[in-house]
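Next come two complexes, and both contain chain A; in the first it sits with chain B, in the second with chain C.
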Partner chain A sequence: MRNALRVPLALAALAVAVLLPVAAGPFWTGLLTQMYVFGLLALSVDLLLGHAGLFSLCHASFFAVSAYTTAILQVRHAVPTALAAPAGLLAGTLLGLVFGFAVRTRGVYFILITIAFGYVVWGVAHRWSSFTGGDNGVTNVPFPDVGAVRVESHTEYYYLVLAVVLLCALGYRLLVASPFGLTLRGIRASETRMRSLGYHSGLHLYAAFVVSAALASLAGVLYVYYNRFVNPVAASFPISVEAALMAIIGGTGTIVGPFIGSMIILWLRNWVSSFFELYASVMGLVFIAAVLWAPQGVVGLVGRLRARLAGAGSG
Partner chain B sequence: MTTPAAAIEVSGLTKEFGGLRAVDRVSLSVAPGERRVLIGPNGAGKTTLFHCITGTLRPSAGRVSLFGREVTRLPEHRRTALGMGRTFQISNVFADLSLFENLALAILGTDRRKWMMHRPVAAFDDVCRRAREGLELVGLAHRERTVVRLLSYGERRQLELALALSSGPRVLFLDEPCAGLSPSERQRISRMIGALPRAITVLMIEHDMDVALGLADRVTVLHRGRVILEGTPGEVQANPEVREVYFGHV
Partner chain C sequence: MTSSAILQAINGTSLAALLFLLASGFTLTFGLMRVVNMAHGAYYLLGGYIGLTIAERTGSFALAIVGGGAAVVALGYLIDRFLIRHTGENHLAQVLLTVGVAFVIGDVSLAIWGGDSLKVPTPVFLRGAMELPGGLVYPRYRFVLILFGVCVGAALWLLYRKTQIGAVVRAGVDDREQVSATGINVDRLFVLVSALASFLAGMAGVVGGAFLTLYPGADWEILVVALVVVIVGGLGSLGGAMLGALIVGLLDAYGRWLLPEFSYFVLFGPMAVLLLVRPRGIFGRES
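So, the complex of A and B:
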């Protein structure tokens, strides 16, 4: 029954995603675009968190460096999207190659070193005003325009993001089922055993870190064309934390989980902040509740409910 | 000078932890195809010696060679690539993964395809076949899809052995493979070890004297980090010093 339901469910979700801009109007179209973009960022964090067991808190760095690179090239130097977007992706990935040395540490030291990395990037974005624009950041980023693909509205951009994110999700699915993906789960389960089986565990974690940074950079490029500007907030610590929390709330180690988490958090923030100024505190309480009562996230919760229903049905 | 290189040659190996000398100038030579059993009371340094030979620990002094090639400074994963395989005293298997996935990791560990990112593990027919064979060998083929967490202690010991064998080792290090098993499980495992082809050299730590002496070609006795005797099972059993150290006063 599980597999029988899976394909129709996926098709239904896809149909809803395609039809939503028509039915829901510009506000929801924009919010959904943002949900996909941050879902992709959460997915990149979850490659490390949910598979390799590494808790990174510097993914806002890759996200922001790629966003800044694309924005600066496109706005200040009039570089076309076809070059500015890949350049952003490349810049974020290169930073991943450097920050990847964090995998020399494990556990709490890994978390601490990634936090420190994140602050370095935020500091540069915030303080090096002549290059990054300081607190104002870089504004007036145009819609992407690549040859035949010329985006002229938020609705069109929504579809572009949807397509890119779907492609990423499919590639990610292949990645986590591949020997490389299995290796990461093996390292999380027992690194000592992996070494004795012939794996250079550090090198595998480093590669995973770089792939994850590339994915976060892609999210950064999609973000800057949606947002039309980028400022130091994109590089800030809360972005890194939220990306990890999205993965946790949705369900780590899954593909839909980070997207569900992104939708819940962004929707909640939008809704709560419309009537309550201290929305950040409300978000904090939600996070605590999720970690206490649904540590496996929404996906885990659904699985548990289904198991209970199945048990009740047969018993 | 023309004698074939020993499978394992250890010379003057010492391992110190702070002031404690756990392994003290141990030298031993294991011929290709030999079954060598290490015995000795608790704390004799048997597992530490294993760790130093397989690369889990760096020795403080001394040398280790594998088929004539010095590996003293090589990291553990490189030694595995050169043909070392091991089991752990306390089962060290992948609890969150299925038995198939456990075996697949063992098979791919010494295979370049472990780096592939674009093809599901289940699509590698040879890996699937070898995983099934590996599980059949230890009698766990019917549980291929089971998550290891759900296995009994004895079954985990069997899986432990299957993992070590699946990486295709030339020299196999078994650290108390029968520890904590029931008599019937113990028999099963020692039969399995006895049936291994002679192409695989076996070094084994074992406390159970019946198992140890039944399988060994030669026995090395360790006491307080030192080799106090090496010989055939008969010689070792007859030696008064060993009897005193290992069995206490009789």
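So, the complex of A and C:
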């Protein structure tokens, strides 16, 4: 039953995603674009969290460095999108190569070091105002324009993001199902055992970290063309934790989970901040509630529900 | 040039004193209870704000320190007892949960004390500058802060190394089950150490708020620097927190002086070296 439902469900979701801008209007189109972009960021965090068992809290760094690089090239040096976007992706990935050394540590040390790394990037974005524009950041980023693909409206950009995200999801699926993905999950289950089987666990984790940073950088490029500006907020700690929270709320180790989490969090933020000033408190309470009551996320809840229904049906 | 270099050394040492107050609590809670409490920065800020209000109402700096610390002890106990206790030894859950707690504390503080930078008023005898040998002039407050930090450090060290409670705590860091099996009430010990850590954080907020000022975001800024202290020194080690605070404090002072735009980058240095040479910190042990 499970597999039989999967294809129609996916097709239905795709149809809804394609038709939504027509039906829902500009506000929802914008919010959904944002949901996809942050879902991609959450997915990048989840490659480490849900498969390799590493909890990174510096992914806002890759996101922001690529966004800044793209924005600065495009706005200040009039570099075309065809070069500025890949340059952003490259810059974020290179930072991933440096920060990747964090995989020499595990557990709490890994968490704490990535927090500190992330803070360094925020600090540079915030302080080095002659280059990054300080707290104002870089503004007036145009829509992307790559030869044949010329985006001229938010609706068009929505479809571009949707296409990129779908491609990433497919690639991600192949990656986690590959021997590489299996090895990562093996390391998470028992690193010593994988080592004694001859796997170089450190190298695998490092590679996973870099791939994850590249994915976060891609989200950063998509973000800067959506947002049309970038400031130090993009590099800030709350972005990193929220991305992790999205993955956890949606369900780690899955592909739809991070996107569901992103939709829940961003919808909640939009809804709450429209009538309540203490938005950050509500967010904090969501963190607490997620840890105490839904450690498996929405996907986990659905799975449990389905198992119970199946159990009731057969027994 | 040399006199600025000397002044930066004193600046760095006084920052180190403050960082030690925060990092020692963090590292002891982790060492004994295996709890990562990311709300430590929020405890710092809240303690500072409460101390500020006390100092403004009563005019007593000493009362502000004690009051700020005590208020955080009460809050910390509740958070420990009703929230953190439920996470067991899952560090990921602890980090998320305590980050959530920190968001709530920071946000509520913003609603109460507003978004401006506030400075805890210091007593008259701590204000102004003092002359150092060699004709250097330096703010008296920061000088006294160094002495204060040394006294707290010495007291903690004596407590940790020379008293029975300290011996039990050290034993608990090494092997909790074994200590529990000898009939010592480990739970009570946890409450005690966590209260001490909360007090140190709240007190640090008052002491730090008198020269670094208090503002929204100060909680995370100081926490991250304290985390670097802990990472460099080695989690769970009191001596590591002392040495780490000194290294980070001095690097920060010289970084701000020599490379103002990249002062955060300076923190990156010791961590990078450490990752390559000693991933568990100077005094860190293999778990």
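Rule of thumb we're sticking to: the second predicted complex is superposed on the first by the 315 of 315 C-alpha atoms of A that agree within 3 Å, B and C clash if a C-alpha of one lies under 4 Å from a C-alpha of the other, contacts with A are read in each partner's own complex, and residues count from 1 in each chain.
By our rule, a residue touches a chain if its C-beta (ideal position, glycine included) is under 8 Å from a C-beta of that chain, and two chains touch if they have at least 3 such contacts.
Being a predicted model, the structure only gives us computed values, none of them experimental.
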Which of chain B and chain C A:V241 touches, first, second, both or neither: second
First, second, both or neither for A:H200, with chain B first and chain C second: first
Partner contacting more residues of chain A (chain B vs chain C): C
Which of chain B and chain C A:L167 touches, first, second, both or neither: neither
Chain B versus chain C as contact partner of A:F117, first or second or both or neither: second
First, second, both or neither for A:V291, with chain B first and chain C second: second
Which of chain B and chain C A:R127 touches, first, second, both or neither: second
Partner chain in contact with A:A82 - chain B first, chain C second, else both or neither: neither
First, second, both or neither for A:E277, with chain B first and chain C second: second
Which of chain B and chain C A:A10 touches, first, second, both or neither: neither
Contact residues common to both interfaces of chain A (with chain B and with chain C): none
Complex interface listing, chain C residues touching chain A: 30, 36, 83, 86-87, 91-93, 95-97, 99-104, 106-108, 110-111, 220, 224, 227-228, 230-231, 235, 260-265, 267-268, 271-272, 275-276, 279-281, 287
Complex contact set, residues of chain A against chain B: 174-175, 177-183, 185-186, 188-190, 192-201, 207, 211
Touching residues (chain side chain A, partner chain C) in the complex: 49, 55, 57, 101-102, 104-105, 107-109, 111-113, 115-117, 119-120, 122-124, 126-130, 237-238, 241, 244-245, 248, 277-281, 283-288, 290-292, 295
Residues of chain B touching chain A in the complex: 54, 56, 75-77, 80-81, 85-86, 88, 92-97, 101, 104-106, 108-110, 113-122, 124, 163, 167
